[in-house]
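Below: the structure, in structure tokens.
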């Protein structure tokens, strides 16, 4: 089975998810500059989620690029990831609209951890199919970033019940960890390619 | 006529359908964990419909992959399928918002059966064009899954007037039937390919 | 300039237009079968517009397929067509919600005629670029369908002020004219290809 | 890294942005022709933003077309541009709904200038990667259009506090500057290609 349509469909779904989030930015109540102020939490939540979805798209891009064919299991693991990604706009809107209350931050963490798990499952299936000496397997390595993210998310979910602001900080920490490129991975893939 | 744009357009429409369904998950009334509870039926309806749309995308992918060219009839049969798929978010939202009332479950079944019929029509046209000894014709076989689905949907629609919960169970049964891969089909296509 | 991204972008925009129209089908007020009744005009408007957008996509597909390269003018003529297509959901929603009142039917005709004109402009530019002995020029011929559509739309817009139901009938007539395939065109393109 | 998915993803996001803007055109309050009048400012804002997004898509198309590969920095610079583009529907809706009040016009200018800056950053990164004697570098030249736009936007933002209508005029001026094709650029790229 070819991967073209999997890529096209995933690109479509991720493009829609990243764009419909902005619909949570409802028109301000008034035409003054102060009318924008209550939207600030929604805007900040949108920025965080935009970065997250961007990271997922970026990594999805790399991962699928490294394989040649896909099977039925991969298709469903991919749909599972898209399902959890599709819940990001909902928890983003709730978190912003609640001005960063406890339970919305808790829910946001739950959706993020489910995304991370779904991504890990998809990655494992792809590595299994590509073989353990494939460039994908080398690039994934021990996947410390993925494991660390899940640990941080789990911590953030528990902490959110006591101090939601720390959880929010932890979500940004994970975003920064993924945002900073890992030079070794690009190098490994490049080495393998030549 | 080439099939590239039919695939691209169908992927786009299905990607949008699967994603706008999540817009029915309105922001909770409150910032408490209990505020999520009334959304549970909407969420469960979303899960069921997400699986259905996923199955349709998956099968659409396979079916179009197996043919080389398309004609005007196929284009319209495909648009007919997309039309009925586009009504899924509407009945999903109604079913969830009504907390699984009788008529919304009835309407959900009607849209599902129309989807199944539209899919069958598209499949017949594609098999006719590809020829009866094509890999697509072999893969479709007697299409017992398609026929069985239509029978189950018809039963579910009738039963819904008396006992809507049974209908809901039947919708899940069809989803499971399609979700479980049929090893013979993949094998036949693979045999034909080699 | 290559046409791939023009196709991809147009497919994306048309796919979104055809799908967001269904968002005008608001959830029924109630859980009874009768609650669906007030939605019937919205549903019928949706069916008509779905067919229209389907026809435009179909013809757009054919037309772009027949050319090899595009220039800056074509890009903007295409964006102009997409602009007028993007207004279809708005007038569709208004027409349905007003239960087929006079002015919404008038506005619907105005958007349809602007679409037809934008399409004609795009077609002329493409024929001019492809040359008058190209397969596209042959396929377009004297474009009687396009000219007839514009005449019918103009009639329907004028008539709508006196008798909106006739206008509505005329919109369906145009849809049927385009829906029925013209065997000569497919034949001419096929002849040219061989 | 190949550019195909970057193009596909950007096309998807831009297609959605350009289309969801029309959702700000809420259904008129009434079925009379006069009911359309209050929508006129929203419609005019939509026209302006549609042209802007069209220009960005058009230029994005050209720019990415001129490079062969992309790196991680380009991916993020592209996501940054898409982020600022995604805010256009929000400020468009606000500007229209406020019937061109001061602060919405101010905010519209801020989003436009951020778009222009994000675009310039992306262009610089692409030129840097392609090399200073590449066709892209030649086509960009001294990028006087880009620099002039940023200067006009800055002026419009400052002026908006005193006389918002002048700012609105300046936004149209920039749109016209970009809309009129620059024959030298197309010529240079064509020369380079041959």
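Every chain is named by a letter (A, B, C and D) in the order it is written, and numbering of its residues begins at 1.
In this text, a contact is a pair of C-beta atoms (placed from the backbone, for glycine too) under 8 Å apart; a residue touches a chain by one contact, two chains touch by 3 or more.
Predicted model only: the values in this text are computed from it and were never measured.
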Relative orientation of copies subunit C and subunit D, as a Cα rotation angle in degrees, nearest 5: 90
Proportion of interface numbers common to subunit A and subunit D (over half same, under half different): different
Subunit A and subunit D: spacing of chain centres that average the CA atoms, whole Å: 27
Distance from the mean Cα position of subunit C to that of subunit A, given in whole angstrom: 38
Subunit B residues counted as touching two or more neighbouring chains: 8, 12, 15-16, 20, 23
In the complex with subunit B, residue positions of subunit A that touch it: 1-2, 5, 8-9, 12-13, 15-17, 20, 23, 72, 75-76, 79, 82-83, 86-87, 89-90, 93-94, 97-98, 101-104, 106-107
Subunit A partner contacts - residues on subunit B that touch it in the complex: 7-8, 11-12, 14-16, 18-20, 22-23, 25, 27-28, 31-33, 35-36, 47, 50, 54, 57-58, 61-62, 65, 179, 181, 186
